[in-house]
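Here come two complexes built around subunit A, the first alongside subunit B, the second alongside subunit C.
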Partner chain A sequence: MSTATRNRDVWWMTWFFPAWYAVFGVIICLLTRVTPPPRPDVTAAEKVAFFAQHHLTIQIGFTLLLILLGGAAMTNGLVCYQIKRMSVGSVFAYGYIGGMSVGALPGFLLVTVCFLTAAYRPDRNPELISLLYDLGMLSYNGSLGCFTAAYLVLAIAILYDRNEVFPKWFAYVSIWQIITEVIATQMFVFPSGAFAWNGSIAFWLAVVVFSVWLGALIVLLRRAAEEESAKESAQMVAAQ
Partner chain B sequence: MTRTEERTETVGRLPGDRDMWIMVLGDMTIFAGYFVIFMIYRAMNRQEFLVAQQHLNITIGVINTVVLVTSSWLVARAVQAIRAGDVQKSIALVVSGGVGGALFMVLKGYEWASKIAAGHTNSDMFYSFYYVITGVHLIHVLIGLIVLGVVVRELRNPARRRAQMVEIGATYWHMVDLLWVIIFALFYVMR
Partner chain C sequence: MQILEQAQDLPTAGNIKAQWVSLWTGPAVGAVLLVAAIAFPGFWPPMSPTMSADQVAAFYADHTAWIRASQVTFNLCGILIVPFLSLIVVQMKRMRQTHVFAYCYLTAMVSGATIFALSNVFFLVAAFRPGRNPELIQLLNDLAWIVFIAPIGMVVSQFVLLALAVYFDDQEHPVFPKWVGHFSLIIAAAMVPAAGAAVFQTGPLAWDGLWSFWVRNGAYALFVIVMFFVLRKAIQRQAVDDGVISA
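== the complex of A and B ==
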């Protein structure tokens, strides 16, 4: 068996990772319109108008996301696999998977159900539509903090690892994630301004840091897979 | 001087390691974002911010600045001590630097408690920035104490004792100090 086929499964997942996030980006930005976030400081009538305007794309986007959502867990599985290759032991890998899965419910599923429910009966009482709008957005953006434990586990694993699966600086980038996401808790208190769910500090700076983190992770997962391939082919040469 | 000599040379190379410098420069970029956004909101609500700022206790701000700058100086001397091979002195200096950081957190906690008791909560826009930005800085101080703790642990272990580790800790700790000086200037001093 050639080395290329030995960790082909890892390579499949390494390509699947950016592909899934690209589809996810299209769904949340172009179809469901939750990113960039709609304004929190609008009247119930304006919220009803938001759902009326984006009725079709919200239904298409979120039903699509329901089908594809498991892909996010698969991308987390790939990170988990690379953590298991570190010298720290698999408890960190399970901690990462568990921490990430906690965020999936408020971060994706609740907003999906809220927006689909609002779009389901557009003639509902505007106050109820307004509630679903707030509930969906607070859950979706406010849940950023739920991923904090997973980032902490990842950062500690990288700092302790002696196999150099990921570079140390990525642990520090994960710590920036923790800090910007702790600030996201302010969204539950502020209906407008820099700390609201569409605020420059609570949302936009957090999104920029998340994009840097995600982009770095995609590159580093590729590099880790390449190193694994190289190691395996070296072992095979030694065995022959 | 060549790269291979870098373990023994003290000039002409990057102190600490590349990873920590990525951390420091990136973190300062994020803080620069907070500061720019604060300045924009301040420019839009100038009078309101000036009135709210009057209630900050500049004395405690000055004390905290002195505490953190002193702490930074102690950690810088710890780097010099370990380069000179004096491990015990280096450990003592790092520990006293950490005590400075802990004192900073206690003073900040007292300041927060007294401000909240006086009714200056985050319902006031100036204070919403004050609590978030000083809070994020406090998390950095806490991380710094963990970093200094790791440095002390490594120094106590003869097998893992390296001057580079103290430099890494000092690089981070100086950033915490520098960020506080900017926060102090923006929130307490600027009129």
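== the complex of A and C ==
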């Protein structure tokens, strides 16, 4: 058995990770128009108009997401695996998939279902369409604790780890993710302005931090897989 | 399964016993869920998405007791499938590979089960006050059906991960035979079209349609049944390898 194939499953997931986020990005930004988010400070009639205007792309995009939903679980499982390789034991790895498994439902299954249900019967009472719009957007942008828990255990794991699976600075990027989640609590209070779900602070600052976090994670997962491969081939040589 | 006398107190024997109990939760839970499915009036035939709000409200008013009884059973027992699915995770961890697919599978399994649990709640809230405004009952019914049928992504990823794990398990005596990988992908392909239930109100892809209802749910039931025998054999082989039972 060649050394390159020892952790080839990890390599598959490592390549799958950015591929899935690319598809996810196309779905949420270009097709379903939930990112950047539509305005919270609009009337029920304007929300109905939003669904009418993007009817087809919402249906295509979110149906695609219903099929690909599990990709999120797969990317989180990969991060769990890398945390397990750290010197800190399994507790943070299990905490990470625990938090993220909870996050899948309020974090994007609910917005998917709410928007598809709104598009399902466009002639529904506008008040109900408006309810689905708010429920979808607030659960999608306002699911905070599940991700906060995952970022927290990730940050602690990195800081305590002696195997150098991820560099220490990435722990601080993850802590910044927690800070944006704390700020985002305000979207449940403000229907407009900087702290609304489409606001410059509650939304755009969070997007910038998330993009840095995700971009770094993609690179670091690759680096971690490379180091794992190198370590294994070194062990193979030592064993011979 | 007859555990050898001298192996009774070994940790390996405990492991096998635990897996054996989890294995048999599968048919037990399956039987209970089958009864719940037979008892749910909304399945015989599956409620049509083209029903008007008044018709939906009348349906809940006419069948309140049976809807509550069956959906409470789904609510109470549906997630009991988790120990059975956990067995797949345990066996995946025995395969010749890192454990990355197993952790991905575990994550997808938990999220998938949560989605199923949400659909029961929507059915039950719709049945809670049959006198509610019919538009609201129709909304809850739409949410219940769409959440029940359409979000197949979490199970589809489980099938793909299981298939990948089987294909990557290149030891001389793999944990699962290769055909389990092919079978898993066929089940995934059979379930994918059900995502259309969130869009179509008529035809095979509607939530009461031939594909989205019968093929989708039938495929998942078939998967559980086949995996019962696959897992049974895998555990027996593991027990022999561990010296817990005689060959």
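As a working rule, the second predicted complex is superposed on the first by the 238 of 240 C-alpha atoms of A that agree within 3 Å, B and C clash if a C-alpha of one lies under 4 Å from a C-alpha of the other, contacts with A are read in each partner's own complex, and residues count from 1 in each chain.
Basically, a contact is a pair of C-beta atoms (placed from the backbone, for glycine too) under 8 Å apart; a residue touches a chain by one contact, two chains touch by 3 or more.
Note that the coordinates shown come from a computational prediction; the quantities given were computed from them, not determined experimentally.
**Student:** Consider subunit A as the common anchor and indicate whether subunit B and subunit C clash or fit when overlaid.
**Tutor:** Fit: subunit B and subunit C sit side by side once superposed on subunit A.
**Student:** Which partner, subunit B or subunit C, is in contact with more residues of subunit A?
**Tutor:** On the superposition, C touches more of the residues of subunit A.
**Student:** Based on the superposed arrangement, let me know which partner A:Met100 touches: subunit B (first), subunit C (second), both, or neither?
**Tutor:** Only subunit C is touched by A:Met100; subunit B is not.
**Student:** State whether A:Tyr160 touches subunit B only (first), subunit C only (second), both chains, or neither.
**Tutor:** Touch partners of A:Tyr160: none, neither subunit B nor subunit C.
**Student:** Which holds for A:Arg121: it touches subunit B only (first), subunit C only (second), both, or neither?
**Tutor:** second
**Student:** Report for A:Leu68: first if it touches subunit B alone, second if subunit C alone, otherwise both or neither.
**Tutor:** Only subunit C; A:Leu68 stays clear of subunit B.
**Student:** Which angle, in steps of 10°, is spanned at subunit A by subunit B and subunit C when each chain is reduced to its C-alpha centre?
**Tutor:** If I round to tens, I get 140 degrees.
**Student:** Who does A:Asp9 touch here: subunit B (first), subunit C (second), both, or neither?
**Tutor:** Touch status of A:Asp9: second partner only.
**Student:** Looking at the overlay, does A:Asn76 come into contact with subunit B only (first), subunit C only (second), both, or neither?
**Tutor:** second
**Student:** Considering the aligned complexes, could you tell me the closest Cα pair distance between subunit B and subunit C in angstrom?
**Tutor:** Distance of closest C-alpha approach: 28 Å.
**Student:** Show which residues of subunit A both subunit B and subunit C reach, each in its own complex.
**Tutor:** On subunit A, the subunit B and subunit C contacts do not overlap at all.
**Student:** Spell out the residues on subunit C that touch subunit A in their complex, using ranges where they run on.
**Tutor:** Of all residues in subunit C, those touching subunit A are 49, 97-101, 103-108, 110-112, 114-115, 118, 135-136, 139, 142-143, 146-147, 150-158, 160-161, 164-165, 168, 170, 192, 195-196, 198-199, 201.
**Student:** Contact residues on subunit B for subunit A in the complex?
**Tutor:** 17-20, 22-23, 26-27, 30, 33-34, 37, 41, 122, 125, 128-129, 132, 136, 139-140, 143
**Student:** Under the touch definition given earlier, write down the residues of subunit A that touch subunit C in their complex.
**Tutor:** Of all residues in subunit A, those touching subunit C are 1, 7-10, 12-13, 59, 62-74, 76-78, 80-81, 84, 93, 97, 100-102, 104-105, 109, 112-113, 116-117, 119-121, 124-125, 128, 132.
**Student:** In their shared complex, at which residues does subunit A touch subunit B?
**Tutor:** 167-169, 171-173, 175-176, 179-180, 182-183, 186, 189-190, 193-195, 200-201, 205, 208-209, 212
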